[in-house]
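Two complexes are shown next, each including subunit A; its partner changes from subunit B in the first to subunit C in the second.
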Partner chain A sequence: MTKKHMGQKLKNRLSNGFIYAILIVVSVIWLFPFFCLVCESFRCESSHQVGYILPRQWGFDNYINLFTKTAFLTWYKNTFIIAVFVSVIQTLMVLTMSYTLSRLRFKGRKGLMNIMLVLGMFPGFITMIVLYKILSGMGLTGANSVPGLILVYTASSAMGYYVSKGFFDTVSRSLDEAARIDGATRFQVLTKIIMPLSKPIIIYTILTAFMGPWGDFMFAKYIAHNTTSGMNVAVGLQNLISTPSSLTANYTMFCAGGVLVAVPITILFMSLQRYYVEGVTGGAVKG
Partner chain B sequence: MTEYKGKHMNLFKDLSDLDYLRLNKLQALIYDLFKAIRAIPKWFLNIFVSVVKYIRKFFTYIKEEFVDIYTTFIYGDWKTRISFFVMGFGSIARGQVLRGLLFLIFEVVFIVYMCFGGLHWLSKFRTLGDTYATTVYDPDLDTYVRVDGDDSFKIMLYSLLTIIFIISFIWTWRINVRQNRIMEDILKSGKKIRTPKEDMQSLLDDQFHKTLLAVPLTGIMAFTVFPIIFMILVAFTNYDAAHDGYSNLFTWVGMTNFNALFSMNVGSDNLSFAFGEILSWTLIWAFFATFTNYFLGMFVAIMINKKGIKLKKLWRGILVLTSAVPQFVSLLYISKMFANNGLANGLLMELGFIKDISQLIRFWGVTDIARAMVIIVNVWIGIPYAMLICTGILMNIPKDLYESSQIDGASVFQQYTRITLPYMLFVTGPYLLTSFIGNINNFNVIYLLTGGGPGNPALLTSGGGAGDTDLLITWLFNLTTGAESKYYLAAVIGIMIFVVVSSISVVVYNIMPSTRNEEDYS
Partner chain C sequence: MARVKLTNVKKIYDNKVVAVQDFNLDIADKEFVVFVGPSGCGKSTTLRMVAGLEEISEGTIEIDDVVVNDLQPKDRDISMVFQNYALYPHLTVFENIAFPLRLRKVPQEEVFEKVAEAAEILGITEYLNRKPRALSGGQRQRVAIGRAMVRHPKVFLMDEPLSNLDAKLRNQMRAEIILLRKRIDTTFIYVTHDQTEAMTLGDRIVIMKDGYIMQVGTPDEVFDHPDNLFVAEFIGAPKMNTFKADLVFEDGEYYVKAFGAKILVDGEKGEQLKKQQTKPQEIILGVRPEHIVLAKENEGIKCTVRVNEMMGSEIHLHTVTDDETNLIVRVPTIGLTQKQRNDLQAGHVFNITFQGKVMHLFDVETENNLLK
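Moving on, here comes the complex of A and B:
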């Protein structure tokens, strides 16, 4: 009996050791590119791609060049403004839509959900051709693409209601009913009861909405239309290294820009990670 | 068939549960497979039947509407009858001034718009313009100046807006008629009609959904529904850079674009060939991208979740890093890292694995390597999300299932295949579907890593220079932003993506066990 127990314990220890080994290997693979990125951003001796990781000469040259020689500050400012506006407007849109579909029962609700499901199956980009023409008619492309992009990102953002609707579905409806019996209007139920309970999903929605514009490439590139002052960081930095000759000249500068974008976003994400995990595991599966 | 003596298994008949349990594993598998295949015609039949049902329902609805309008007119009082022509008259006459005024204003705006623009645009909708822009000599300026002709794009845009306006007018008119009937009924039964103040209050209570949805739905109508209808129309025109509508008109071409896509011409350089190539890679990619992420993510989640593993938060935090860093930073960096003169090749050279430049590994230059690479890098990017999803669900699996199976002597592998996997597949069915569809449209990974390359010489003219890792969505992007700007082709491909995605969704929804009921949780 004891022998078997000992064997079990040894086996368990072995398998745990094995798992630790895998996790360490995985972590190294996961961190390696980021480590290289940071190192290369501090390299001063050359600006092109090289075959070693640790710089021979460390320094902030790339960061300084980024601010003095390119429009990086403008791109950064553009993206930040877009992200702030989008996170506010999109959160309001998504939460109203998901709340309405989850808590209220009205005629045409199922039909509405089906229509949005079908609309979501069209690739978003095909709407871009028309929207570009309309926006350029309004003068919101090129140098003015910031308001244009805000409009494009937020206007139909309510279609991404699935995750938060999944969350609202889990909040017990008997709470609503009790409040309704006590004479609260639907508006009061929303502000006094549902809102305080929904902190995780609100933070999740704000976080994803804020992060979206930092990574968007397709729409931003099309709307900015090669105008430097209208680009977001993604398009601007990609533009820095889009041709072979510019890649040779600007590669380390691109790394520096990448670090400057990634660090704040990563810190923000990590500090709110708890809510993100709650949102992903809660709402996303229940859909 | 030794175990199943006496009778032969009939693959075209349903077995009872008892008979099914008597089958051995192989037989059960064959039986299940046949059952799934036999079900396919049934789905199509079901879809067909429901379409017919909807059409019939639609026509009965229309008929009932007309009957209702007719009886409202015949049996209604004079206020109602005047409302048929002057919208909102009945409402105003019966005390609902606000409502009535809104109806009236809508009617006036509609008539004015139709007279001063709508009809003009509609009259050109059939041809999309026939007056070309010309240049004439201007003696005052002593140069040639441009005289604007028609603009096909504007004609299409405003015609579509006009049509939508007409439909919404008819809809509002119908509501106006119905309102009158309802008001008459209320008055006849001796009750009071709501005052405007009560109307406004109801918008925060029993009509609260209208208040809440007004802004989001307007946004969706203007920025999704309208552009999609517009692009569907574009698929039936020859709109491209050479026919941009302004300097050169574009016009309707019927089914030509779709015919080009499906023509079975012999030869490898036609559109249908390019479409077939890109579509098949898109599906292969979506399949591998989805399932590698799913199973590896689940694997990592199980490892981290295991009892006795410490620093769970740290391991998760490290993995989630790829979700936190914006994709253009990580993906562009990886793309450059594996370039011919990039860090990976450089390190291999420093370490002596590669002797000279001719031995460089062209990660993005060889079709098979490039395709494998995008799937591998996608694992790096995508595992964390799958891991988070799986972590939450794994914790929900009842622990006693594992304990009792362990007592019965089940191995870890058996526990996985008999308990964990079935449970996970059941719960995450919808997630797998959305993730598959997301991967079909996964623009960032492909565009930032390979840009669609390596170029496929067979697709050079027909595919507009599409490459071997191009997905339909990146192809669409390149066709739109490229020099020729083949908007019509982009529209056709967009529609085809929709067809592919929607048919996959319909099929998967039909075979998925976990079609959930949203009321389950409340």
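Moving on, here comes the complex of A and C:
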């Protein structure tokens, strides 16, 4: 091996080492708060905030209290039901909308897309009061806020078509045409051709649709309106520490709730992440 | 078993661009018709209207006497091969070919049988478990053909299927399409911009330009009797030489005067001119490069070689006459000595001539053939 090669190798190693060092620092910064949260959740010696990280006494007390002394299970169930319904409905709506806008040409298509773009620029919460009035009139607030929230989260979901339409646009139209000639209906083209080719974008849509309601606080708080049985986890947990005295009494329990909230999202991400990077479009048409 | 009839078919796009003008054609059962023309002539649009992929602005398309204007592609019993193959990338070759059968809920055993049969004919049996991305261009196009033939459609549509292949593979696939046609024996509509494909494959050729049909005829007809200057120049390679000349009538015979030479229009063409009593006039004269022959010195028309294209079996000489008219002359190499070959280089001056019976006479104004 020549000197030049050795030098190149050393250079590569150094630059790799530098990159890894940066990545390690970044991940420590990211993971540190979560590490603290987990530690707090297992702390048994006191329930208020303290000036150290590692608990002096470890145990599951906070978790047990969370399930026995609060309505955490109800909040968790509410959130889960909302998130599952929303992710299914929203994904279906986004995909069908994206396919329609990507493949069909109809009067007012451009106008519709522009209207949705402009509407999307307004923050969702400006309609909060009106929505509350409507839902209240329908009896979908307070204890009934689960169906109410599903309605709110899914109502405008078709407007989130941009990313998947962009992806569908990259799938050659001649595949649609070939499938239609082979005997497929428009719906079959979507389900048998476009969707299998768009796995990454479908996973992305499902994940974002699930995470939105899973972590929402503002709408959920407003619509549940202090009714414990209608709260989602975010609202319920915030409720646990809403006053200075409850913060002192429930802080470690609040942290245990925080850990439990992160579990499903983490599982979902880990199980679906491989589809993110999977590309399957090679060889469809002459490149 | 299908007859395809297009009556007054027109395609106007939203931006008022007219792609196809008043297209009338009756395609017989089991006929192989080729639409040919330069890009933008409307040939693919017409094919796509037959397929149901484009709306028909005016007129009707019938398949077996049923108007299909408003039928979905899947209800027309047609299949189509695309220029870019359009294979489903997430499915194996087997599933690609089986796709139309699966949609029709054909029993599993029959699917296996039919896919195996198609793969056998096309020589792709060993690739059935591969994904399209693992195939070469030629293999992909075979899979696309397999997918189209597997359900025995009434009409087989092909949209420039060989355009993406290299020249050698194109020749091979062309021959295979001829064999395939004999095996599946159905009605074919084939679109191409390559006149060689049109001539070799078609029972009839439809030559199009700017949305209009310029001529419909058998390969012989369009080659020997082009209706107009466009067809004359489009069909045949290298393209026909065309130049201004004078048609004169002297002593009961028609002559063409060009480059100082006077050539008798004899044979059928002369007879027909007499029958039509064509008046002497300025004309556009067309002579195919292969019909020009070398003349003796001081006879015929004097030409100077500009470019010599050695094709192997023949030489294409791009020449120029004394009055700066470009003429292409095709000289078979088989009869030439090495010295003669060497002589035919740029700057070489020689004399050419052609016979009256190979001349094509076109009207200067309308560019239509003077012989009706």
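Everything below uses one rule, namely that the second predicted complex is superposed on the first by the 247 of 287 C-alpha atoms of A that agree within 3 Å, B and C clash if a C-alpha of one lies under 4 Å from a C-alpha of the other, contacts with A are read in each partner's own complex, and residues count from 1 in each chain.
FYI, contacts are C-beta pairs under 8 Å (C-beta built on N, C-alpha and C of every residue); 3 or more make two chains touch, one makes a residue touch a chain.
Because the structure is predicted, anything quoted here is derived from the model rather than measured.
When the two complexes are overlaid on their common chain A, residue A:129 makes contact with subunit B while staying clear of subunit C.
The partner that reaches more residues of subunit A, of the two candidates subunit B and subunit C, is B. Of the two partner chains placed by the overlay, only subunit B lies in contact with A:31; subunit C stays clear of it. When both complexes are overlaid on chain A, the residue A:73 reaches neither subunit B nor subunit C.
Once chain A of one complex is fitted onto chain A of the other, the partner contacts of A:193 are limited to subunit C, with no touch recorded for subunit B. By the document's definition of touching, neither partner reaches A:138: not subunit B, not subunit C.
By the touch criterion defined above, A:172 lies against subunit B and subunit C together after alignment on the C-alpha atoms of chain A. After overlaying the two complexes on the shared chain, residue contacts for A:100 are found with subunit B alone; subunit C is out of touch. In the superposition on chain A, A:6 contacts neither subunit B nor subunit C.
Using the contact criterion defined above for the overlaid structures, shared-chain residue A:214 touches subunit B, although it does not reach subunit C. Where the contact sets of subunit A with subunit B and with subunit C meet, they give residues 172, 174, 185, 280-282, 284-286. Here subunit A touches subunit C in the complex through residues 172, 174-175, 177-185, 188, 193, 196-197, 280-286, going by the rule given at the top.
For subunit B in complex with subunit A, the residues that touch the partner chain are 153, 157, 204-206, 208-209, 212-213, 215-217, 219-220, 222-228, 230-231, 234, 300, 303-304, 306, 308-309, 315, 317-330, 332-334, 336-337, 339, 341-343, 345-347, 349-350, 380, 385, 388-389, 391-393, 427-428, 430-431, 434, 437, 441, 443-444, 447-448, 472-473, 476-477, 480-481, 487, 490-491, 494, 497-498, 501-502, 505, 516, 518, 521-522. Within the complex formed with subunit B, the residues of subunit A that make contact are 12, 16, 19-20, 22-23, 26-27, 29-31, 33-34, 36-37, 40, 48-53, 93, 96-97, 99-100, 102, 104, 106, 109, 116, 118-119, 121-131, 133-134, 151-152, 154-159, 169-174, 185-187, 211, 214-215, 217-218, 221-222, 233-234, 237-238, 241, 247, 251, 254-255, 258, 261-262, 265-266, 269-270, 273, 276-277, 280-282, 284-287.
Remark: subunit C residues 51-53, 72-74, 78-80, 82-90, 99-100, 103-104, 131-135, 137, 140, 147, 164 touch subunit A in the complex.
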